[in-house]
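You will see subunit A twice below: alongside subunit B first, and alongside subunit C after that.
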Partner chain A sequence: MSQNQTIQIGQRETTLIGKLRLRLARRTEGRAVVLLAVVLIVVSFTEPLVFTAYQVSLGRIALIGLVALGLTAVILMGELDLSVASTLAVSGVVMALIPDVRLGVVVALGVGLLIGFINGFFVAVVGINSFIATLGMLFALRGLAFILSDEAPVRIADTDAGIAFGLAIIGPLTPRVLIFILAFILLQIFVSRVKAGREFFAVGGNRQAAYDAGIPVKRRIFTGFMISGFVASLAGAINTLERTAADPRAGLTVLLASFAAAIIGGNYLKGGRGSIVGTLIGATALGVLQVAFTLSGVQVPVQEIFIGLILLLAVTTDPASLRAVVGGIRSVFQGRLKFQS
Partner chain B sequence: MRRSRIGLATAGLIAVAGLTLAGCAAADETATDAADTTEEAAVTGADTYEVYALLPQGNDQAYGTTYLPPMLAKAAELGINLTITNSEYDGDKQASECEVAVAAQPDGIILWPAIADTIRPCLEAAQAAGIPVWITNADVNPEDTELTYGYSGTDSYGQGAASAEIMCEIVDGAEIGIIQINGLTGNSVATLRGNGFKETIASNCPNVTILAEQPGDWVPDKSQIAASEMLTSVGIENVQGMYAADDSMIKGGIDALKARGLDPADFFITSIGGTFLGNPLVVSGELDGTIFQSSSWDGENAVIGMYSVLSGEVTADDERVALYMPNPKVTAANASSPEVAPEW
Partner chain C sequence: MAKETFTEVITVANSGEADVKKSRSALPWIADNGIFIFTALLLLFAALFVDGFASLVNITDVFHRAAPIGIVAAGMTFVVISGNYLDLSVVAQVATSAVIMLAVSNLYGVPIAMLAALGAAVLYALINGIAVGYFKANAVIVTLSTTYIGVGVLRFFSGGSIFFGPEDGPIRAFGTSKLGPIPYSAIVLIIVTLVLAFVLNRTNFGFVVRSFGSNESATRLGGVNTGLVIIGAFFVTALAAMVAGWVLAAFSNTAVSSMSTGYDFQALAAIIVGGTSVFGGKGSVLRTLLGVIFVSVLTNVLVLSNISFGYQQLALGVLIVVAVTVDALSRKAGKR
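Right after this comes the complex of A and B.
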């Protein structure tokens, strides 16, 4: 007759402070929150116009953040999607080529889903590394955008509708900002409340364990890439409407900015750790910083240095990286002490 | 361990705050310089103006590097505080910068469109906010001109046509085949120069056949590869000439010929720019002709044009002003002349 044994790992927290501390320790957005707070405080003194012209700041955050939200779904599984910038461009061109704006938007979103499916196929079924697979798609789709557009920007048929789309409809909120907020809410619910979304973390944390636990890993990879493709095409459709034309070269700067937002937001590139909220905070910090820099007239190379350094800080202050850094420093000093003795 | 982590995190935070402050301080230095200018202008009794210059390039490209100093100098002279942005030819980024500029409510906006087709919402927003817009370097589409006060810069189509005229002249009726290296695909200057060249060749000297064309993206290395590939695909024996939309790209094309052991002087070659790269090639005989373009004229006249609007010399009721840069042809006959001395 066997006897059930309960093994407790670690100390169980029963107090309110203890539970709160445990809850906070599980979160990955801590550094992003502190970074955002620092940026907001400094900017409030140096460029307060960032806050009075908050409609513009919100627009910039939505511009960076929308693609970053989709990317987060892929990053949580430890994968990369480099094709988002080209997906944005080709979806915009497809949309602009269709005279009916509504039909164009639907077809563009379908194109994004299809691209995501193809990426998922290469990664999950063929087994190609996501970096390589999506890098190939990045080039192929960029070429497709040029061919479809005859190598020139394509104006949408109804430019008045496009200009109207760029105007605020609820208070200071433009459709772009509202769509961004909606996308954030939906994705946050998906990864935190829906079983399929929560399984993204398991797939990213330990893929073999996820297989063993019966999680449909391949299906989850397909889902992640299709979310990323869909959101990128949504951004492409919004850009095309707001600018009244599709540019086959669009998205050149959005790829790096989106990755930066996700990383600053605390998402672990190897997967398993991170959050949609973190990406939102990262995009907000980056967006506010960029608007402040633009208002100050700081030149692009200088902006890139600052954003690059902040990105490096965000990565190196990750608890795992910190442990590695501290451990490395200790081993160096211990080695020297032993050598001297 | 815990103390080390807290220490590093604190250092990180201080670094972020320092970086943000340093970023704004860097801008403040420029602002201080501009403020000095403003004070000087105030002493002389002149008005001072806040102007945003939304550019697609800056110190990251040769042209922008020599465009900016004369622009800043002229702005200082006229009492204009310039806030300059660089969208790196990203239409979405420039549109976002335009939103920021409109929100800042400056006295005027100088705009060098990254993508002419995507700029109308920006122009409409500026007009709605009562901010006058002056276009520089590359003009907007004809249907959008009503939203701007004026334009100063090159006639890009005319530059391509002038380069074609040199080609027609030196070929002198002979039946030849050439290859064409274009600028960045989708860029309006690249498109206009390419069209100007092709259409003038077709009308003035149909004896010249364009066998192939490829983009060189304004970069010599990429142009060398593009030229080399075109020489292979059409057959080197069929090519007697080459055109590139820019001197740096023709340098790449000439290098492609040299790499095959061919003498560029045996080919009919034209370009556009009149630059530090192009003019010496004309003197050496490797390049038959180029079209001079002054980056200092471009930068200065953007500010002069804006100032004419701010000072009331040009009003919304006036007909739109267009200041076209003189683009003389540079050939072996005048390549060393001070009038076409390279600036970039």
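Right after this comes the complex of A and C.
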């Protein structure tokens, strides 16, 4: 955030266009908007069925988006939670194992919070890099999901609840989409209006400065990981309810897409910059793309190649990455010039 | 690494031997030497209490299974020491190399197959290396995406089918040959480990990789082309994964795109348990070999005791987290 303020001090824009330009320069969602526009244009020509069957598309967007929203909270602080895929699987299996659906959902969400707490503990207290800590958790929890489910999908006891959950309740919107919208609004308010949420940016932007400013950095890291764990387990519970069974292998396909959504959404991996809105746009683009692929019968490997390419593109077209490349090229030429003179 | 610059500099300044000696905590000692004791204890336990461990057939089997993982781990040690966490795409690389080896050698012979596999390895190293080294992108995310791209490409072209080698071909002969109880694949593992240990400890490139891992900006200010160093580290990993793919293809005489699932994770476990630091700058290839022995024997003991796949995954995941915790705490203890 500090960078944006330095822009403001240097020039005070008074004209309408100037103000608009300043406002645009502050946003981080540029790449997501471009991707969404490209996807929408291409899809509307090749597979207009995506918009007709918008319920399917919305459901897909909600699944990717929900996991990506939790990730965003962690990425804002410059950390990463790779364990979301397994959290989704474990909480889904736990939910399916408990006969009572309501109790099952509550316990599953509790499991998500607990996993988030453990992740937060390793990152904030022990001081392990979150990439490695959550990678270890990713594998350990996947093992746990296999153990709990005996390596086979678990059916939920109350199938009626699952079917009822899949029906639209308000207009065309299913509960999954409503929960996603609610989660989006809550997180958006938390990150942009609540002090604790605003402090996420400070923790990610400059951790030392955040310590010095008296921000409880460790508590914020705990909060972030618990949000991410909670949201992932919410996605797991919803997934299990809709499919009326929990698959211990679930989450692996969502992992890649939700990472791509969060990163192309302008959330800077080293922390401090990004937005929930960007994640929403990114998730929309990827959800529409996936549904379009499925509807037009594209093979799964090709889908994986495409999503992988988008993730690779997202992580290399980061403003900081581009600056590093441009700086590298420039320094090469400067070196030559200096050598001549 | 903007946010970590402070702590990085402090740790680097204090990571000398003298500070470790000053601290009273046992953790740095465990982090450095624990693997020797734990491996010895595990071997002792397995030999005494696990039925069927100490048989010639089983030992040969352990060697066979450890060889490809060990070769991958030896190469990946370079990426870990350079401070880039890990290379997840080894899964795709090993499978690609194995599939190319069998599919191409059936048509054009072994030398052409080797060249084709080398081409794939170079491609992987360039994509990973340029994205991480020049675009300064996060290695975990980059290699996660290249894993999916690589496996996707492989599955697309192979159609998910299984490739078989000829029963009497040179590949099969290599895969089944043994020197006493030791299969050829284990000998390849030892040769690769020794060569990479030499490269890491005795060559300019190895020195630069280690120095990059302990202090990135100092290495750059020292006039090193750091982007090339990272490409080099990924290239070593890709070459090792390529050799591992050959060994795996020779051993099983079949190749399929999903054959190397879990290699990323087992190799990482071996590297970290061996005592190479995920914080970069510290570690050795010979230690990774020890870690590979530990992880392979542990997996073998679990399999022999009829413990299910889920518990094996859980055990390895917990192992990684514990090993990294010991490493992190010992760094803290050494700092004080």
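We adopt the following convention: the second predicted complex is superposed on the first by the 306 of 341 C-alpha atoms of A that agree within 3 Å, B and C clash if a C-alpha of one lies under 4 Å from a C-alpha of the other, contacts with A are read in each partner's own complex, and residues count from 1 in each chain.
Keep in mind that, in the parts below, a contact is a pair of C-beta atoms (placed from the backbone, for glycine too) under 8 Å apart; a residue touches a chain by one contact, two chains touch by 3 or more.
Computed from a predicted model, the values in this text were never measured in an experiment.
Trainee: Subunit A superposed: clash or fit between subunit B and subunit C?
Mentor: On the superposed model, which is not a single observed complex, subunit B and subunit C clash.
Trainee: Scan A:Ser192 for contacts with subunit B and subunit C and give back first, second, both or neither.
Mentor: neither
Trainee: Once the structures are superposed on A, label A:Leu309 by its partner contacts, choosing first (subunit B), second (subunit C), both or neither.
Mentor: Once the two structures are laid over each other on A, A:Leu309 reaches both partners.
Trainee: Is A:Ser44 contacted by the first partner subunit B, the second partner subunit C, both or neither?
Mentor: neither
Trainee: State whether A:Leu63 touches subunit B only (first), subunit C only (second), both chains, or neither.
Mentor: Only subunit B; A:Leu63 stays clear of subunit C.
Trainee: Scan A:Phe146 for contacts with subunit B and subunit C and give back first, second, both or neither.
Mentor: Once the two structures are laid over each other on A, A:Phe146 reaches both partners.
Trainee: If we overlay the two complexes on their shared chain A, which of subunit B and subunit C does A:Ser331 touch? Say first, second, both or neither.
Mentor: Once the two structures are laid over each other on A, A:Ser331 reaches no partner at all.
Trainee: Could you say whether A:Pro301 touches subunit B, subunit C, both of them, or neither, answering first, second, both or neither?
Mentor: both
Trainee: Between 44-52, 152-160, 170-178 or 224-232, which subunit B stretch has C-alpha clashes with subunit C?
Mentor: The segment of subunit B occupying space taken by subunit C is 224-232.
Trainee: Of the residues on subunit A, which ones does subunit B touch that subunit C also touches?
Mentor: Correct list for subunit A: 146, 151, 248, 299-303, 309, 316, 322, 325.
Trainee: Where on subunit C does subunit A make contact in their complex?
Mentor: 1-4, 6, 85-86, 127, 131, 134-138, 140-142, 144-149, 151-156, 160, 227, 265, 268, 272, 278-279, 308-318, 320-321, 324-325, 328-329, 331-332
Trainee: Considering the complex alone, what residue numbers of subunit A touch subunit B?
Mentor: 31, 34-35, 38-39, 41-43, 46-47, 49, 53, 55-56, 59-60, 63, 146, 149, 151-155, 159, 162-163, 166, 239, 242-245, 247-254, 289, 291-303, 306, 309-310, 313, 316-317, 319, 322-323, 325-326
Trainee: Within the complex, which stretch of subunit A touches subunit C?
Mentor: 78, 80, 82, 122, 126-129, 131-133, 135-148, 151, 204-208, 248, 256, 259-260, 263, 269-271, 299-305, 307-309, 311-312, 315-316, 318, 320-322, 324-325, 328
Trainee: Okay, in this complex, where on subunit B does subunit A touch?
Mentor: Those residues of subunit B that touch subunit A are 1, 4-5, 8-9, 12-13, 15-17, 19-24, 26-28, 30-31, 58-60, 82-86, 88-93, 95-97, 99-104, 115-118, 120-121, 124, 184-186, 191.
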